[in-house]
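Just below is one structure, and these are the notes that go with it.
Just so it is clear, A, B and C label the chains in written order, and each chain counts residues from 1 on its own.
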Amino acid sequence: MWLQRRITFEPRPRGIHLVTGEVLGAMPELSGFRVGMLHLLIQHTSASLTLNENASPEVRADPATWLDRAVPEGAHDWTHTLEGEDDMPAHVKAALMGPSLTLPLSHGRPALGTWQGIYLCEHRDHGGPRSLVATAWGEGG
Amino acid sequence: MWLQRRITFEPRPRGIHLVTGEVLGAMPELSGFRVGMLHLLIQHTSASLTLNENASPEVRADPATWLDRAVPEGAHDWTHTLEGEDDMPAHVKAALMGPSLTLPLSHGRPALGTWQGIYLCEHRDHGGPRSLVATAWGEGG
Amino acid sequence: MWLQRRITFEPRPRGIHLVTGEVLGAMPELSGFRVGMLHLLIQHTSASLTLNENASPEVRADPATWLDRAVPEGAHDWTHTLEGEDDMPAHVKAALMGPSLTLPLSHGRPALGTWQGIYLCEHRDHGGPRSLVATAWGEGG
């Protein structure tokens, strides 16, 4: 039992955005999987996907602050600068956070912990719309 | 052929802990998979899973030391502080290391390199027990 | 429908190397998958796999430069030093970038974004040949 679909996210400002509801809303057929897996790939190299705490908004702000400090714009040794100051740091941040998530499905939904949510990390100032490929496989019943 | 099981790890101190034996011991049916995949998700946002060298204990200590220096407690720009000094750095470290592992199965066991082991990274001082969802799928024979 | 194969990469110098063509060339049967997944695991703890931009060579150089600065050799608090100055930083970099990639297959090939390529990150000065386990599963037709 396979399901594969392209999801497009509207443009979002730089930062870390909770998208659990949007992803699951685009995949209503997940309710038919007794056991399986859900995989999400973001088809870009300056944005990423991660799991993090879905309760406190500060838990969205602080990792973004940390990334900005750890991978600064304007560092003297960036050589790839022609796409803007925010571009090369965005590629490094994207590699650190990772382009995909793989999640178990159990009784029709992702078996996440109580406090886990799916996050889109937008590392560019004006990244535009972002494409995701969502793939689910498993057994129904 | 699908197998899905919850595994609970006993509380462990902050640090990086080799858990290969514990994970495989909880999944004896893996020996029946000729080819397949094993996926592990930690259902928490302040602990993570990674592969690293299973030979030298120092290779466990040094990444933890590096993470403590790279994501320090008490940084002036953390805003989420009400759960303790170790909490917000734990969320960032968890995002950097990642919440899951996906491993190939070959002839009844994970096709790891000779020196690769599965590690639980406990990023909190007192994280308590930790829940994992282990899912395997593939072909028997 | 399952396919599993060992791929060996020739020794490469320290740095980030585009290997999309080499990986796909070793897996010609992928063209037979209508929908599915491709998983790649590097069986080493001092090299890693990532997706990044496949257009500009500087986008290969800059993340390597950043990693060298963020995880420096010769830091006073490394304790695992007997395998050389480049060894312990290599284990930390490998954990940050991750040992595996999971990619959706669609109509016979990986559903990557236009600018996404598969990269081997060699974190050692002389890492030698590197082994990959490539596993694909899905539906043909």
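Keep this in mind: a residue touches a chain if its C-beta (ideal position, glycine included) is under 8 Å from a C-beta of that chain, and two chains touch if they have at least 3 such contacts.
Predicted model, so just to flag it, every value in this text is computed and none were measured.
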{"item": "Cα superposition of chain A on its sequence copy chain C - rotation in ° rounded to nearest 5", "value": "120"}
{"item": "Same vs different contact residues, chain B with chain C, by half of numbers used", "value": "different"}
{"item": "Centre-of-Cα separation between chain C and chain B, whole angstrom", "value": "20"}
{"item": "Chain C: positions in contact with at least two other chains", "value": "70, 96, 98, 102, 137"}
{"item": "Complex contacts: residues of chain A adjacent to chain C", "value": "2, 4, 39, 41-45, 70-71, 75, 77-80, 88, 91-92, 94-96, 98-100, 102, 131, 133, 135, 137"}
{"item": "Residues of chain B that touch chain C when the two form their complex", "value": "35-37, 50-53, 56, 58-59, 61-63, 65-66, 69-70, 96-98, 101-104, 106, 111-116, 137-139"}
